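Below you'll find the structures, each written out as structure tokens.
Okay, so chain A shows up in both of these, paired with chain B first and chain C after.
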Partner chain A sequence: MTLLLGIVIFGIYSAALLAIGGVGFTLQFGVTNVLNLSFGSILTASIFLEYGLTGHSTNIWIAMAVGAASGAVVSLLIGHVVVGAYIRRGASGFSIAMVTIAISLMLQFGLEAIQGPDIYAYAASTNSTMNIGGVVVSSGQLTTIIVAVVAMAAVHLLLRMTKLGLAMRATAADVTLTRSCGVSPARTRAVAWLVSGALCGLCGVFLGIGEGSFSSTTGSDFFITLAAAAVLGGIGKPYGAMLGALVIGITSQAAAAVISPSYKSIAAWIILIAVLVVRPQGIMAEFAAERELVA
Partner chain B sequence: MSGWKHVARWPAARRVRFALVGGVVGVALAACAASPSSSAASPSSSAGSPSSAGGSFSLEVAAFSPFTGPNAPYGYFQYTGCVAAVRAINAAGGVMGHTMNCTIVDNRGEPADAVPAASNMLASSPHLVGIVDGDSGLMSATVPLFNQARIPDLSAGGDVQFDTNTYPYFWRTTPGDDVAGQTLAAYVKFGTSYTRVAAVFANDQAAQGNVPGLVSAAQKLGLDIVVNEAIALDQTTYETEVQKILAAHPQVIVTESDPQTAGVLLGALKQAGWTGPIVGTSGTLGTDYDKAAIAAIGQATYEKNFVRVIQYAQQSGLAWDTWKSALLASGSLVKDPASDETAIYAELPYDHTTMIALAMLAAHSTDPATFNPYIEKITQGTTVVHTYAQGEAALAAGKSIDYVGVTGQVSFDKYHNSGGLWAAENPVTNLPESLVSAKDIAASEGH
Partner chain C sequence: MSTGMIFYLSGLAILLGINLIAIWGLDLQFGLAGINNFAYIVFQAAGGYAAALLALKPASAYGSFETYIGGFNLPFPLPLIGAAAVGGLLAVPVGLIALQRLRADYQAMAMLVLSLIATGLAQAQTGLVNGPAGLALIPQPLVGAFPSSPLGYHWIFLGLTAVCCALTWWVARGISRSPYGRLLRAVRESESAVSALGRNPNALRMTVLIAGGAIAGLSGGLLVEYVTAWGPSSWLYPETFLFLTALIVGGKGNLAGGALGALIVPIGIVELTRRLPAFGYPGMIDSLDWVAIGACLLLFLWFRPNGLIPERKQMFRERSTERTGSRMREAFAGRRTEAR
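Up next, the complex of A and B:
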């Protein structure tokens, strides 16, 4: 029973991390139609910036603010300035995806060149713990789950209750029509990059502090699982990313407990492949229509 | 000593991820890093015989290691050791009128990158006289290439397949990973009072290389492996795994993983209330592991509860003094050399590079094919020498030498493997808390 409870709790914790980043990744894709493969490196850059700017502080609120701001700025620079330039020149979606890979590698190797290949560690964790039915959970893990829930709620409110959210959804659905309604797609996309980056930075902070240490490859390592959650839910669909994160988080914990820890990652991928066979568009998405990249 | 496990076990999952994101570019970078010139000569024709090139040239020893990517710190261990040795060798007049130098060849710790990197290195390095490496996971891919090119490869890699290899140009002064597992069991049996052991190793090749030896030795020594968990690397949580481990009520945990995995795992153990001892392998060696572990459980707990069973190198005597002096004088080429004073992964390539140089002197040749057999002969002579300068003087006096460097006595078996001394060291002070004797290890093997 304790093991089962542990699977659920730590599955939710894993899902929380994946959801924060996954929603950012898929939201930006949904609005801009740009497959941003530099997302993992933005995440890494956010951790480095947060770590450097706050003096390795583990004050979670300061870290969250700095991490989110860092991610937002880096994401905006990459998306609006660099990628935007390619879009304006009519580059294809594939070309732009390759550009984001190049940016990712530049960021990763740049960080490695500047900071060295070493691991960076936060101060030893002083998290208090709580015993829930025999399962020991740290305050940091609970905070991550709560922040993820709040972030998801905020994204929901943004998309459903604000004009900006309406503009985002409209841009995602039909750029031409959106423009004819007086909404600037470019501005909407910029906001999408900003929000996506903020969530990316937030995810990075929780990932770094949760793991206690990080390096120039931390974000790249995490990104594939994060992207898998987004794809599982339906790429471009924030609610799908939340659901995908939950499925992957709990599946991987269950595999570790029931089968073997070695199957932790494999199980999540098996689920992904199995779901995509049945629903190639992901759990929650409709088939995505081919759309042009328009500045 | 299980070889250079961090490098060896770049996690499989990470490999996939990294390959997805940057595989093509990574290969290109590795190839570029390994290719100081654009020579298209075949490996065998270009790398074979420095002595035939004529004139004055510098003899190259390649530190064939990852210098980018997550395992890059381990490449710098190799380079640091090589640089210190070359400093001492050149200070003593070089090798038969030639200076020596160390070159960095970045293999990224990946077979897909390492093979082209090795090929480029062999094709473009006409004065290459030796290779120092330590990468368990790459050995099966790269050792055949080095042998085909007839370049001596002095390795610290722990791939167990090489316990009985017959490659003439392969030499290893650390035992295979299976012996490291036996040594862990021997330490638990004879160095502690515990009998219930949890084996928690990462699920990569090098870390898992310890497990058969550990399990087999535990059985022979009457230890009980109460749980044997192969953990996936680079996960964000290990609490579920830890629940399973602690449910088996172990008294001691033996482990190996990469630093970031260790940080999360040790944090989860602490969170679950584990206060017992943890025994690490040589794969837990390095400042990155220390940083991650300290971040997870705090320095006081790390110092008190963690020991690392590794190949033991003395920290006194002429060999040590010479190593330390050469290392500290290498500050212009290596970062923070003082931090590597007691790093076995830097000491091993130091001895390896020195052995290459002494073998050339003993053979009166810089041709790798000619001096290769002398790599063993310089460890079998009658005059014990601890430094290159001592060896040079002894050889000049017509004596046969037995090089006993900073990592101790070398005694190659017919497979070109040599074991070493072992100790359980404190991870913070780096001082041995207890030695693991050859008798203890023999007992773990059932002798």
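Up next, the complex of A and C:
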């Protein structure tokens, strides 16, 4: 019973992390139609920046502010400036994937060169813990869950209640029509990269502080799990990503508890592949239509 | 030239050969048929493991300091043939999963995930191929066959690599120039046109995935027999981009482009920089190599997306029509003389 409760509680904690990042990834994909394979490296860069700029601060407010800001800036530079330039030059969908991979390699190994043999770890926080039916949960994990819920509510409000959100949803649905309504797609896309980066940075600092230590590959490993959540929910759909995060989070915790901790990520990745094999037409509905690549 | 230098240069030549084989195999899939195989390194890895397990004695023969399945102690050239076979066989499940009608960038991501799953499984299943530590003490081929010094053996291995290179070149050139190669180019350029002509594009992709996979397996087998050790850290997913960058820099879709890419990227950027005077901590140059590879990729995609040696436009002489044409000309000329 405690095992089951543990799987559910830690599954929800994993889901919270996945949802923050997954919604950021899927939102940007929906609006810009660019498969951003450098998302994981942006995540790592945000942790490195937070760690460096704040002097390893684990103060959750400072960490959140700096992490989100770092992610937003890096994401805007990569997405709007670099990737945007290649798209305006007429690069194909595959070339764009290669561009994001190239950026990802440069970022990841650049950070590895900076880190070197050093171990980057946050000071062990004297977190208070809570006992829920025999499962010990730290206050940091609870904070992550609360922040995720707030962030999801904020994304919901942004998409449903603001003009900007309407513009983003409209750009995701039909660029030409949106442009003819007098909405600047370029500005909307820049905002999408910014919001996506901010969520990515937020996810990064919670991941870094939650795990206690991090390295240059932290983000790229986590990214695929996060992409699994996004794909499961139907990529490009923020609400789908939230649901996907919950499924992936609980499944990966169950795999870790039942099989072995080394299967935590593998389980999520196999789900990602299974979605592709079993329901290609489900994803086809989203993917088959060759939409215009937009900068 | 000092013996050390000769040793180094011949080793470099062996590595160049092994990379050439791998890059030509990828070129068949990516350059010729347009398959975005982001899991290519897994085929090389599978070949490497196959060669290792076929050549090694059972684990107990080494005091069981590593655990693995098999250990068949087979003589040369069986491990290499096994490596190619396993590489080709692996293409079947990978193809069934990833060769669906997915958007190009999405297919690439599915491949990337397969690569990560393979690494994860190799690390998690410690009994299969010794987990994260990897295999060591892999026997080299033909060691006892000729009485030779270490340098002499280097030459023998170089000869073996050269033979494999020549074989790969011959196969890749044959495929590229055959009607089958023409079909693969057609799949790359216009899938719907191939379908309209009554050919199944996915079946064609599958065949070239198998052919390229077998070549990757062979290169993996050679590499493992050369370095005598193989573990998950040798084939992390970025290694695929080493080969892809080589193709994009050198020029995809032609063998000369692949060869130039092999010389510039895996040898020039990765191997030769190891000779630079050391700076920073040990391993810093390796990290910076990858930054350089990413930068190369970005620069070439911007300035020269077709590479240094672009693929030449293929002109196929239709022999039968030409013959008909000349016969018609003769007939026409004959009629004119008759008319006169």
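As a convention for this text, the second predicted complex is superposed on the first by the 258 of 295 C-alpha atoms of A that agree within 3 Å, B and C clash if a C-alpha of one lies under 4 Å from a C-alpha of the other, contacts with A are read in each partner's own complex, and residues count from 1 in each chain.
Going forward, contacts are C-beta pairs under 8 Å (C-beta built on N, C-alpha and C of every residue); 3 or more make two chains touch, one makes a residue touch a chain.
Note that the structure is predicted; figures quoted are calculated from it, not measured.
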Partner chain(s) touched by A:L35 [first = chain B, second = chain C, both, neither]: second
Which of chain B and chain C A:T218 touches, first, second, both or neither: first
Partner chain(s) touched by A:Y86 [first = chain B, second = chain C, both, neither]: second
Between chain B and chain C, more extensive residue contact with chain A: B
First (chain B), second (chain C), both or neither touched by A:L272: second
First, second, both or neither for A:G110, with chain B first and chain C second: second
Touched partner set for A:I96, first chain B, second chain C, both or neither: second
Touched partner set for A:L226, first chain B, second chain C, both or neither: neither
Which of chain B and chain C A:A151 touches, first, second, both or neither: neither
Intersection of chain A interface sets (partners chain B, chain C): 37, 101-102, 104-105, 108-109, 112, 116-117, 221, 224, 260, 262-263, 265
Chain A contact footprint on chain C (complex, rising order): 36, 96-98, 100-106, 108-110, 112-114, 116-117, 120-121, 123-124, 238, 241, 244, 248, 280-281, 283-284, 287-291, 293-295, 297-298, 301-302, 305
Contact footprint of chain B on chain A as seen in their complex: 2-3, 6-7, 9-10, 13-14, 17, 37, 40, 101-102, 104-105, 108-109, 112, 116-125, 127, 129, 135-138, 141, 207, 210-218, 220-224, 252-253, 256-257, 260-265
Chain B residues within the chain A interface of the complex: 13-14, 16-18, 20-22, 25, 29, 67-73, 76, 203, 229-232, 234-241, 243-244, 247, 259-260, 263-264, 267, 270-273, 287-288, 291-292, 294-299, 335
Contact set on chain A toward chain C in their complex: 35, 37, 82, 86, 89, 91-99, 101-106, 108-110, 112-113, 116-117, 221, 224, 227-228, 260, 262-263, 265-266, 269-270, 272-273, 276-277, 280, 283-284, 287-288, 290
